[in-house]
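Have a look at the structure below before the remarks.
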Amino acid sequence: MDLNGLYESIALIKPEIVISLTLLAIVLFDLILSNSKKLLPFIAATGLAVTLVIQIIELSTTGYAFSPQNATLFYGMLSVDSFGAFFKVIILVSSLLIVYFSAVTDEIKQSFDRLGEYYTLIFGMILGMMFMTSAIDLILIYLSIELLSLSSYVLAGFTKIRQRNNEASLKYIIYGAVSSGMMLFGISLIYGMAGSTNLVELNNFIQSGSINLVTFSIALILIFAGFGFKISVAPFHFWTPDVYEGAPISITAFLSVASKAAGFAVLIRFIRVGFVSYVDSDGFWRLSEVFDWQALLVIISILTMTLGNFSALWQDNLKRMLAYSSIAHAGYMLLGLAVLSNQGAFAILVYFSFYLIMNIGAFFVVMLIANKLGSENIDDYNGLGLKSPFLGVALGLFLVSLTGLPPTAGFIGKLYLFIALVDAKMIIVAVIALLNTVVSLYYYIRVLKKMYLSNPTEDTPEIKTSAMNTIFILILAVPTLVFGLYFAPVVDFAKMCISFFGV
Amino acid sequence: MNGFPILTLLTFIPILGMIAVLVIPKDKANLAKYIALIATGIQVVLAIVLLSNFNYNAGGIFEQSSFQFIEKFRWIHIKGLSWIGTVKIDYFMGVDGISVPMVLLTAIISFIATLSSWKINKSVKGYFAMFLLLDTGMMGVFVSLDFFLFYVFWELMLLPMYFLIGIWGGPRKEYAAIKFFIYTLFGSVFMLLVMIGLYFSAHETLADGSQVFTFNMLALMDAANYTADGILSPFNPENLRFIAYIALFVGFAIKIPMFPFHTWLPDAHVEAPTPISVILAGVLLKMGTYGILRISYPMFPEITRELMWFIALFGMINIIYGALCALAQKDFKKLIAYSSISHMGYVMLGMASLSTTGINGAVLQMFNHGTITAMLFLIVGVIYDRAHTRGLNDFGGLATQMPVYTGFVTVAFFAAIGLPGLSGWVSEALVFVGSFGVEVIRTLAIISTLGILLGAGYMLWTLQRVFLGNLNEKWKDLKDIDGREYAMLIPLTLIILFLGIYPSALLDVMNTSVNSLVHFLSTNVTNFSISGL
Amino acid sequence: MEVGLSHFLVVSTALFSLGIYGVVTRKNAVMVLMGIELILNAANINFIAFSRYGNFGLNGQAIALFVIVLAAAEAAIALAIVLNIYKTYNHVNVDEIEDLKE
Amino acid sequence: MSELFIINISIAILFLPLLGFAVVILFGKRFPKLYLFEVGIITINLLLSIYVMVVKFSSYINDALVYGFTWIDFGNVPLLGPLNIELGVKIDNVTVIMFFVVNLISMLVHVFSLEYMRGDKRFNRYFAYLGIFTFSMLGIVISHNLLMIYIFWELVGLSSYLLIGFWYEKKSASDAGKKAFIVNRIGDIGFFLGILILFTSYHTLTLDSIFAQIAAGNLPFDSAAWLTATGILIFLGAVGKSAQFPLHVWLPDAMEGPTPVSALIHAATMVAAGVYLVSRIFVMLTADAMLVIAVVGAFTSFMAATIALTQNDIKKVLAYSTVSQLGYMVMSLGVGAYAFALFHLVTHAFFKACLFLGSGSVIHAMHHEQDMRQMGGLRKKMPITYAAFLISTLAISGVPLTSGFLSKDGILAGSLAFGSLTGHWLIPILGFVVALMTAFYMFRLVIMTFHGEPKNQHKFDHAHESPFVMAMPLVILSVLSIFIWYTPLPHSPDAGWFLSSWVKTPHTVVPAELSYDFMISETPVVEDQYSEHAVVHSEKYTEAMHHAHYPAMFLSVFLGGLGILLAFTMYQWKKIDPDKLSNKLSWLYKFSLNKWYLDELYDATFVNPTIYLSKALAWFDNTIVDGIVNGAATVTKFFSAISGWFDTYIVDGFVNATAFFSGFVGIAFRKLQTGKVQTYIVLVVFSVLALIFIISPF
């Protein structure tokens, strides 16, 4: 074994190492200084901030100018490239936001003694996600997904205040275990056929021909079930509404953004590295004719967005509604993958950047309102926007952005998505997606309607936001608006990051 | 005027006003009214400055050099990768003879609507903030020359409108607001798709010689810019231009509103507060027809020619259907709403003629309908403020009680009927001259003249039911109009009279542009062939 | 009769199916977890069988070891959650835990 | 006096009444006496128009004074070249005559109204309306192009609407105003379409330019049929305004307006505008168009006369008589007797205005009683009114020595000539029958009103002769109904200055094959239509007229006398009981009394169906269009009936945009979300199997 190579490999996973160290630090701090739990969020934030800085420095100084040969580490287990780095940035940013989010959530405050566990598990999730974004070996993919999942199972039922927390946890683990079991079974079949779990070798194997297509398809669909579970697309989404509703709201927000980002990263990489034989000059991925990914992805994404949107129409619980909305958004983003082009993948990156801001923003405002109101039910929002104008406007902005209306960031995300679709001449699909957008307006606007068009009742609280919370909301709201009008920085960044290694 | 960013100012002064409205303290909320009045007042002044510096001999439409007051800055410029191309979006504004009347209309109607908003007392700050945002959206649509910018402004006015109807509206406001919103969004998503399709079908050559995809409307009008394989490129034998045209047209038609997409309008009008009805009928509806003239026509000249009969047909249906529906209404506002549908039919009929007289008539009708209908809605507002009912059969004999008011009503009604000497007639007549002159749609034009008759029918019947006859004792305490209402109605009356007698004041502004549009439509047809759909 | 790859595959497939069946039909949460174990072990059998018959080196067997460890961790967490469920519901019947739904 | 000066004066005459209108309507509330300003203006107007007439006839009798300007300039239009719309004025002999007639009657009506309308609460506004009417009427007369005529055409419609509905508290008055406007609009649409045809073909609306192009052989859309159609369409405008069948129904109702208004607008001037319009386009009428016009005119005059026989409302009788006389004029144009139509227009204006003002005087005296059966014997109480009324009645009946005799005789001669030249004998026959009936019903009116015993003693006792301001106009107008003002020879209108030098028949511009041969002069057409030539079109026609002159004169005098005799027999001497007669001919009587049931017919065929259609469409719009476009709202409603659950969502505003669809899909999706994790897994397993079947290459 070449230990030099191992050493070099370690040098390239500094962010993961810092995360691991922070995780250890949190555990130790919790054990030793169990009276100063208040400091835990700061440690977590510091760790994340340091990681983020390292990640960004790596991105910018080296420009991730690895040659493809050097980019695969640990004997072809990991691929460190700017694509992964982009998602790592997304994950780290959202984690940072979630740390603050958790610090002001009532639900988490009530479980104050177990704050150490909470952050440990969060970091477990982060670590899992970081590896997911880079993994190019099916086994590592499986393991990192499990690392993420196991932590999140516990977090989903973390608070134990209400029955629904436990129920969420139980459903999540049973559902997750079955999905990952299917995935594993699929991986074993692939292993049996290709003789390796490495994606690069899988690609080579596909090029070589001689495949039992039926078995291969079954294996791939089983594996896709695992991914589908992670990014919660129909028909693997059933856990999502129940778990999102039952879990603490900070975890819901985290799951809906970071975990989904990691899932998308790994799915894109799986297809890009495992199946694409070459990329043509227009940026379209040419796949070997062994499996019709496009058909699968188009069917799944249309099903997902339609189901997400139409189910969201009927939700009275805002958290649950946002859960369905996040399903719908996963559907839109999956369309970007269905295009099977750089353009499409690029659109996903752009979409995710904006989705991150607006979705966390929406959850945050809902959380603040729930803290005061004790309810996430839409019927309790009567006239809220008139009584608490700042929160109302902020939530309105986030929801409008989620709908995808200009001049908000959400529109730009959708725009890039549709650009990719039209570029690929997938007009019918684009029309379906657009009509879905119209449907989605219904339920987003319903919240606005309750907040503004209904008159305030006596129960409608006037919610004062602390300075910190105001700043936090502004940090999310201002970009939502500004990126809607000037999105070049984000797009430039995403453009820089759309290069894959390990192919 | 070189270098003075008058269009930017026109567009964004209301935004400044909105910010000012938002920062004033809550206990001085009434200040918002004055801020809005000042902002819209400045807009009117700027619009007049614009008009007075406007060169009547520059055509515009398809060439940048003959647009005026151009402001063009790079807004988004993302250098390309090999597979994605450079993304370039410009902040590109400019006006020609078709947009100037609309800018003027927007400024005037906004100002008058501000006056008419004086009695709003429910969340005043919010109201005027939304109002001013709406103003920006409308103005932006009329001055944008970049499709992307256009689309942003187009959508920008959706939300304020939703709230303005939804919060300050009548009993069924929520229903009306959501209906408006969903309808319009439904239309605009198709527009978005066509916009993206066009983006991928044409190249614009930049100063440095590089070719990039473009949202520049003027570049999209030039057939030479289209690539060989773009999906909306005329050179692509399998292009989707026909479908795209329909999709785009539906997007605009919903706004007009064209039968059968009109049903949001009566609801929206009935529920909206008076100033918002004024804006809605006065300006918003014009955005649909303006969009067709500005975008559909020059970008798809060959399909426009192919479909002119259908456009005229729908115009005719609008005229007659709207008028017949108006005849049956019992609610004053709903009646005016349906009359709007009817009158917008004239605009479509005129546009469909693709002739100078017809399009001049259409654009003039856009302006005239804007002022006349604004006046009609103000009139409904006046009576609703006092009596709190709009039932046509609840009144009677108001002419005795409110003679001055009735005087204004008479002017507005007869303008709407198309009485010569008042502005509405000139544009209707030109529309008929234009559409009758084109053999293809002559029959439709002839049938459409029935609209003149029906229009007189429902308007005079309304006049009779509400104002003539013996005074209903219930209303013997109604006051005649006050100073503020004078201030709203007199300018509109003067405009209606002035343009009735001297329509050239406005026709000369637009004529060169209309001629160049007609010229463009008639010469660019041969270069294209209709796709084999 | 020589025991070959296909035999292992038949067994693993049967195991996988039984696992799914178990997860779907058992009421008791612990039994459901058993079903999950069956699914994972079906995959393990595959890995080892392929590794043995496919001349792919020892990778497959190493993978199986990883999976066993993971399965243990998962079982631990799952049982802890079941315990919690028992505390709040006083039973562990999966199909009666259905408060979160439409 | 330069031409420009005359033009300027004429334009001043045009706009002065508008000034009066504007001042009175704007400040009338503050200054209750402001109506005097309007009266003053109209007086000045009359003097100016007399001045213009004198100058015109003395200096420019053979010239038309034209002034035009570009109203709308379309620049250089693609494919067409330069295009503009021109407006302008043309002052010829007819114009100045009409100016005088309009201003004179308008002034007299103003004066009459000072007394008649005294005490009305909207006194000022009444005069303002008279002002805007005068303005619009003068506008029609002075225009040199069809567009301006159309503009003022509509404006007189407006003033007519305002004045008919002046007492708008009465439902019948506002109804009548509305009816007048809308019925007129029907005709106006035809007029407008005619304008469109001409503009499309010639890119100008100036009459002389159009005629020049037709004369050069350019037909509209290169088709003779279109030329005929254009003539008939423009005539349709006249049908509306001049109350010809089938659009005459508004005029009798228009009597709801104040009586002086009826005199001014609905008898003397506005209704004659239609005749004036046809005379303006006379030269471009084809033979077919002329025949249509002649038939419509003849039929209208007949129909109206039959109705007038049985009416009991004094104003209704006069209204139908007006319709009938207008029919005469229209017929006259149709048969080619151009000059006589205009001549009758003028004479009729005076005597009919006199009749209306006279009836106004009576009504005033009788405290707004209009039913003739309540009158009688007023002769003694109101001698001046009676005298004036009688002279005018003689004139309308065509008794020699009156103006009516001259003009009516010409028309009848023309129709007789037309009959002899074309074989359309029905037209002269109708004309003579009408002459009989006219004399009858007019004298019936005079007898019932002024002769015999008072029927209503109470009202009779309070009746009194009208004061000077009301009597003076009557006297002036009745004096103008005497022959001497028009011709020195009471039996020969041709000898008069009106026909011999003022009004001359222009030459047709229609290609010879489309025109009646008698319309084409055998002598070459002289360029200037105002130079000396014969009154009528061709030697052939002149001859026919000449032959028809005496037969027509004698026959009409005989028939008129017969009518008068009949009236006296029945109403004065009571030799024949009218009631018995009507009972005997009850079917005919009712048919006439109910105005041929035309109002009922129109209601049943046009008005009500339109209303029903509009209601049906409104329902359709609300339910079906809204429903289909919004996504099957009807289905949704059906659903809501079944399930109250759905109802909440409808109320909630969910009925829209795919409500049904989204509801359905939503429910389907929701059903899957059972909350049981095992169900979910079953679903996942089945989905995986399904995907395998869909995607795998089996």
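The letters A, B, C and D name the chains in turn, as written, and every chain counts its residues from 1.
Throughout what follows, contacts are C-beta pairs under 8 Å (C-beta built on N, C-alpha and C of every residue); 3 or more make two chains touch, one makes a residue touch a chain.
Being a predicted model, the structure only gives us computed values, none of them experimental.
Chain B has the C-alpha centroid lying closest to the overall centroid of all protein C-alpha atoms shown.
As a whole-number value, the distance joining the C-alpha centres of subunit A and subunit B reads 43 Å. Taking each chain's centre as the mean of its C-alpha atoms, subunit A lies 78 Å from subunit D. Subunit B and subunit C have CA centres that are 65 Å apart.
Per-chain Cα centroids separate subunit B from subunit D by 38 Å.
Multi-chain contact residues of subunit C, defined as those touching 2 or more other chains: 20, 23, 32, 94, 97, 99-102. Among the residues of subunit D, those touching two or more other chains are numbered 657, 670, 673, 675, 677, 681. Residue positions of subunit B touching 2 or more other chains: 174, 178, 182, 186.
Listed by label, the pairs of touching chains are A-B, A-C, A-D, B-D, C-D. For subunit D in complex with subunit B, the touching residues are 25, 29, 71-80, 83, 150-155, 158, 161, 165, 168-169, 171, 174-175, 177-178, 181-182, 185-186, 188-189, 192-193, 196-197, 199-200, 610-611, 613-615, 617-618, 621, 625-626, 628-630, 653, 655-657. Those residues of subunit A lying in contact with subunit D across their complex are 170-171, 174-175, 178-179, 182, 213-214, 217-218, 221-222, 224-225, 235-236, 238-239, 241-242, 291-292, 295-296, 299, 306-307, 310-311, 313-314, 438-439, 442. On the subunit A side of its complex with subunit C, the touching residues are 139, 143, 146, 150, 153-154, 157, 160, 163-164, 166-171, 173-174, 177-178, 181-182, 184-185, 187-189, 191-192, 195-197, 241-243, 245-246, 314. Residues of subunit D touching subunit C in their complex: 670-671, 673-678, 681-682, 685. Contacts from subunit C toward subunit D in the complex involve residues 20, 23-25, 32, 94-95, 97-102.
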